[in-house]
Amino acid sequence: MSDKIIYARDDNYLIVRLRDGDDFFETLLSLLKKEDIKSAVLVSSVGMMRDVELGWFSGEEYIKKSFEEPMELLSLTGSVNETEEGKIFLHLHAVLGSSDLTTAGGHLFKATVHQTNELVFLLPTNINLKRLKEGEGLLRLFPERKK
Amino acid sequence: MSDKIIYARDDNYLIVRLRDGDDFFETLLSLLKKEDIKSAVLVSSVGMMRDVELGWFSGEEYIKKSFEEPMELLSLTGSVNETEEGKIFLHLHAVLGSSDLTTAGGHLFKATVHQTNELVFLLPTNINLKRLKEGEGLLRLFPERKK
Amino acid sequence: MSDKIIYARDDNYLIVRLRDGDDFFETLLSLLKKEDIKSAVLVSSVGMMRDVELGWFSGEEYIKKSFEEPMELLSLTGSVNETEEGKIFLHLHAVLGSSDLTTAGGHLFKATVHQTNELVFLLPTNINLKRLKEGEGLLRLFPERKK
């Protein structure tokens, strides 16, 4: 992780630039903790990633695939949630582009920032994005109006 | 459709979780009607879909293709509009991911929610997203400031 | 460029429809200048594009590829920034879909609007999205709280 994270925030936005070599999840989680943000929606993201791990859920387990080469970050969607224990949970799906302009995509498990990652999060001030266990035991999103 | 839709809303957001087996369009339209929302922008969506129908517009008709296997929902973009007759119109384009991490995409015609669909809509309080006929007879977006 | 751009804006949103034949960048830049918008986040975009040029960055130069046939606009993400000289800078990555429902994606260099482009920008009222030179000389995003 770089020694300084470049970002700006107000009541409605968290806008971040991650830097080459940053571990995507580690750096982002570190900033979310520092800013005490547990509910956020990722609405824009451009840049590149390398050493990416993507997955497809079979219903029982994730089939994962690794991509070492740098890829253009074409789309990243999902949200920051709060677990029952008050921990931060990230649920993100990515589309990435190769040098031949073809794409790959899936649940994002792992990535290193390549060149730059420009991320825009919205902060819904009146709604908590809780992630709780549902019947079958999987963690699911439970959006809740703040009281 | 499940007997209960899980969602939260305020003046600016509608955040919804659809559940396994829900017909994507039927369930969403039912919620939009119930909440009386005719203008909204979809800004985030993660989960999975099955029995998906995607299309590419030739200029005269849509060339459609069906995908039965469950796919990761990687990107879904577009908006909720209001027609001249006051009806809700959805215009959405999707990118979906297969088990080999390749992707497919197009205009979304049909989908069944697989596992979960976590959707975040923004509600532009001062702008109506009208969908009206233009010269050639096709329905087009006409964003309008509210008076 | 068409003689009239169809759009609506308020303090938080700029919602635009570009029309068939519009040069994507030229038309958009013309509107942003007219509305004096130098910081904005693109959060939704549907429609089609033709004569598209996409690129992948090798670290030294962009490897570019052109796509003449009309493609569905499946995802477009990024932001409008302000350079040190006060000029508008657009950084956008696109995913596009072909008639066989496969996709291509990369940094968007060039596009002509096909049929329609429905674009929704958010305007972060308290944050400037500056794009300035960093150490190695490349332009990078520097989000800044307004004073």
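Think of it as A, B and C in the order they're written, each chain with its own count starting at 1.
One rule holds for everything that comes next: a contact is a pair of C-beta atoms (placed from the backbone, for glycine too) under 8 Å apart; a residue touches a chain by one contact, two chains touch by 3 or more.
Being a predicted model, the structure only gives us computed values, none of them experimental.
A.B. asks: Which is it for copies subunit A and subunit C: same residues on both faces, with over half shared, or different residues?
C.D. replies: Subunit A and subunit C contact each other through largely non-matching residue numbers.
A.B. asks: Can you work out the rotation angle that lays subunit A over subunit B using Cα coordinates, in steps of 5 degrees?
C.D. replies: With C-alpha atoms aligned, the rotation comes to 120 degrees.
A.B. asks: If you average the Cα atoms of subunit A and of subunit C to get two centres, how far apart are those centres in Å?
C.D. replies: One centre to the other, that is 22 Å.
A.B. asks: For subunit B, write out the residues touching at least two other chains, lowest number first.
C.D. replies: 43, 75, 95, 103, 122
A.B. asks: Given the complex with subunit C, which residues does subunit A contribute to the contact?
C.D. replies: Going by the criterion above, the answer is residues 6-10, 12-13, 15-17, 43-46, 48, 70-76, 95, 97-103, 115-116, 118, 120, 122.
A.B. asks: Can you name the residues of subunit B that touch subunit C in the complex?
C.D. replies: Checking each residue of subunit B against subunit C gives 41-43, 54, 56-59, 63, 65, 75, 77-79, 91-95, 103-107, 122, 124, 126-127, 129, 138, 140-145.
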